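Once you scroll down, you'll see the structures, which are given as structure tokens.
Here come two complexes built around subunit A, the first alongside subunit B, the second alongside subunit C.
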Partner chain A sequence: MSPFATFCLRMGDNALILGQRTGEWCGHAPVLEEDIAFANMGLDLIGQTQLWYGMVSDELGKSPDDLAFFRGEREFLNTLLVEQPNTDFAHALMRQYLFDAWHLPMLDGLTGSTNADVAALAEKSVKEVRYHIDRSRDLIVRLGDGSPESHDRMQAALDWLWPFTADLLARDAADDTLVAEGMIPAAAPVQQAFDWETAETFARATLTAPDGPRRTGGRTGNHSEHMGYLLAVMQSVPRAHPGAHW
Partner chain B sequence: MPTLDQMRAVVAQVPDPEIPAVSLVDLGIVRDVALEGETVVVTVTPTYTGCPATAVIALDIETELLRQGADKVRIDTRMSPAWTTDWITDQGREKLRAYGIAPPTVAAANCAGMLSAQSPDCPLCGSADTALIAGRGSTPCKAQFRCNSCLEPFDYFKAI
Partner chain C sequence: MYAQMVESGQAGTSDQDKAFQDKIDRNVRIEPRDWMPEGYRKTLIRQISQHAHSEIVGQLPEGNWITRAPSLQRKAILLAKVQDEAGHGLYLYCAAETLGVSRDELTEQLLSGKAKYSSIFNYPTLTWADVGMIGWLVDGAAIMNQVPLQRCSYGPYSRAMIRVCKEESFHQRQGFDIVRALVEGTEDQKAMAQDALNRWWWPAIMMFGPPDADSTHSEQSMKWGIKLNSNDELRQKFVDQTVPQAEWLGLTLPDPDLKWNEDRQSYDFGTPDWDEFFNVIKGNGICNRERLDARNKAWDDGAWFREGLMAHAEKTTKQNIAAE
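== the complex of A and B ==
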């Protein structure tokens, strides 16, 4: 697989798996407005997935639907963060915020890509993702700096999820090739934007990012135990009825 | 075979599937109508990437053109420049308001995706005393507000 296809799959897989997790709140979120908000953000993410998969469909000889529904766990290149289970609403909000804090500067950088299709995709997506982080940042601050219970639950979510952010920010040789070609932004500006965004927001939210080991693996296909269950749910209907349409 | 002007008039009548009070042209979704030989080519730009209405929009335009006498229809999707609420026509904004949806209050470039930079008047009573309920509404393109004067909730079409 080319470095470009690897990169597009990583972007698309992140959006798809987070979109799936987000969609799991449909009918289950604590209040109706946030239920609708999560479902609608999931739609944005799945829409973005289709665009990323569409970029590499020809090279890989697979349609976007094939890529979503007929790949196995080790073939997915999403980060560990997005596959983490919903557990608690605080976890879902924190997972969304940490993802947004990386996604926004990444897409911002991609609007300057030397690949015109990537730049157009990023230009479109970044507008949606600005609204995503506007919501998630606001809720992190309100609940982090809220009641003792909301604070404790947000801090517990941050303690659990923070180690997985290393996987979002990691880079490898495929990325280096694309950076050299001007196709994707360098690591440093994305990392700096992430660091600044999270430091500022956690200070306002009275939350503390933990020290300790950081986890990577998802972007090379080494997933946590939660990934298989997620795929089993997401892929069961197309696998039971391959080729079905309506 | 109808003329290009007649085809444009047909397309201008096709309503948005989710907000039927406004047309696809009012919303700036239709970017071009042209003739290539026998084929009517309509260029549309998607609103939000995951908007479920996108497929229905293409189907509605095609169905209406065929019904009005076009021989062949092709729908092209244009990604760039990305759709923006700045393209909603003045007529479209008035129709939204009359339908009970507050139209975008600012140019997309001036809000950077922040709802705090947007303060719609109530489309029902006109009051400026309104408050955000949630950043997402019944569709991805809308947010939910409430009016502190008439106490009614309403949808707001976010600037993007």
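== the complex of A and C ==
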């Protein structure tokens, strides 16, 4: 697979798997406004998935739906962060925020891509993601600096999820090739924007990012055990009816 | 219809009551600050909140399939649809609030089981075809009732219905389109569609409420302009609209008595199993317990979230006061 296809799959897989987790909240969120917000973000993410998969459909000889529903867990290249389960609403919000804090500078950098299709995709998506982070940042601050219980839950979610940000920010040879071609932004500006965003927000939220292990693997298809169950649910209908159109 | 069997209040006999009725007869909209009989206010609160609760609980049977929608496009459309339903709940709670009741009070009534929601959502969604049936039949039946409510006598409710109806008609089309794709698909997909139709047809027919002869609550609500057509009128209209659609799809409606009546220029159809209807309303449907449990769990699990936001708001207010 070309470095470009690898990159597009990683972007699309992140959007799909986070969209899937987000969709699990439908009807179960703590207030009606959150039901609406999570469905709305899920919708944006599934839309982005279709665009990223569409970008590599020809090279891989697979339709966007084939990529979503007929690959196994070792073939998915999303980060470990997005597949983490909805342990509670604090985990869901923190996962979203950490993802947004990386997603925004990444897309922002991609708007300057030498590949016009990628730049156009990023231009469209970055508008959605600006809104996502406005919302997720605001809730991180209010709940971190809220009641003792909301603070503790947000801190617990941060403790659990922070190590997976290493997987979000990781780079490999495929990325280096694309950086050299001007196709994707270099690692440093994305990392700096992420560090600045999270440091500022966690200070306001009275939360502390933990030291300790840095967990990576998802981008190379080495997932947590949650991934198989997520895919089993998501892919069940198309796999029971191969060749069917829906 | 999302509001079913709403108990109607009584009209008074004072001059004020008569003037109020006169306004309604002249098609003048009632607005929140206008005087209104207590019975009118209470009936509307019951009707609007029941409709709102139905939108909220209605997220569950469809949400059951968001994670399993069989294509990216279907997943996106279903997310958009369910988001609309939650939005309808929000407008409707706001419309009810103009009558002097808070969203929290109404939520409490739903969670305790005191308030009702449409019994249709107590049926399970067992296959992907059920999502199609909910859009095509359940939303189709809801639109029958809601289109006339755009002209109902209470301003905020009628205006909410205008937006709700636009979105519901998109929902019905998406449901029909899911079913269309199934009947154009494999034998298994066709069988899935027919099976779902067999299970949803009669519950959809019963959404309009009991026959007019047994409907005790309608008369006063019709006088007040908050119910505009009888249950049987709407049911007939729904059947007349849906039979040709089912024929076009090549599906068979599970009613041996269904046939075109040339004299009436309408379809004759069989009698639903009203015992089942009342049994589900009483709480004995397959999912009554699960639906309420899910809503209670969401509310209880989310308490820390709501309290955390309140605590932050209080801190911010104190800081602002201290800064002044």
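Everything below uses one rule, namely that the second predicted complex is superposed on the first by the 245 of 246 C-alpha atoms of A that agree within 3 Å, B and C clash if a C-alpha of one lies under 4 Å from a C-alpha of the other, contacts with A are read in each partner's own complex, and residues count from 1 in each chain.
Please note the rule applied: a contact is a pair of C-beta atoms (placed from the backbone, for glycine too) under 8 Å apart; a residue touches a chain by one contact, two chains touch by 3 or more.
Bear in mind the structure is a predicted one, so any value in this text is a computation, not a measurement.
Of the two partner chains placed by the overlay, neither subunit B nor subunit C lies in contact with A:T6. In the superposed model, A:H28 lies in contact with subunit C only, and not with subunit B. Look at A:Q50: by the touch rule set out above, it reaches both subunit B and subunit C. After overlaying the two complexes on the shared chain, residue contacts for A:S113 are found with neither subunit B nor subunit C. In the superposed model, A:Y131 lies in contact with subunit B only, and not with subunit C. By the touch criterion defined above, A:L121 lies against subunit B but remains apart from subunit C after alignment on the C-alpha atoms of chain A. In the superposition on chain A, A:M234 contacts subunit C only, with no contact to subunit B.
Of the two partner chains placed by superposition, subunit B and subunit C are both touched by A:N40.
Touching of subunit A by both subunit B and subunit C, each in its own complex, is seen for residues 19, 33-34, 36, 40, 42-43, 46-47, 50. Taken together, the subunit A residues at the contact with subunit C in this complex read 16, 19-20, 23-24, 26-36, 39-40, 42-43, 46-47, 49-50, 53, 64-65, 68-69, 88-90, 141-143, 145-147, 149-151, 153, 233-234, 236-238, 241, 243-246. Subunit B meets subunit A in the complex at residues 46, 48-52, 79-84, 108, 112-116, 133-140, 144, 158, 160. Only residues 19, 33-34, 36-37, 40-48, 50-51, 116-117, 119-121, 123-125, 127-131, 133-135, 138 of subunit A touch subunit B when the two sit together in their complex.
The touching residues of subunit C, counted against subunit A in their complex, run 56, 59-60, 62-63, 66-76, 79-80, 82-83, 86-87, 89-90, 93, 128, 178, 181-182, 184-186, 188-189, 294-295, 297-299, 301-313, 315.
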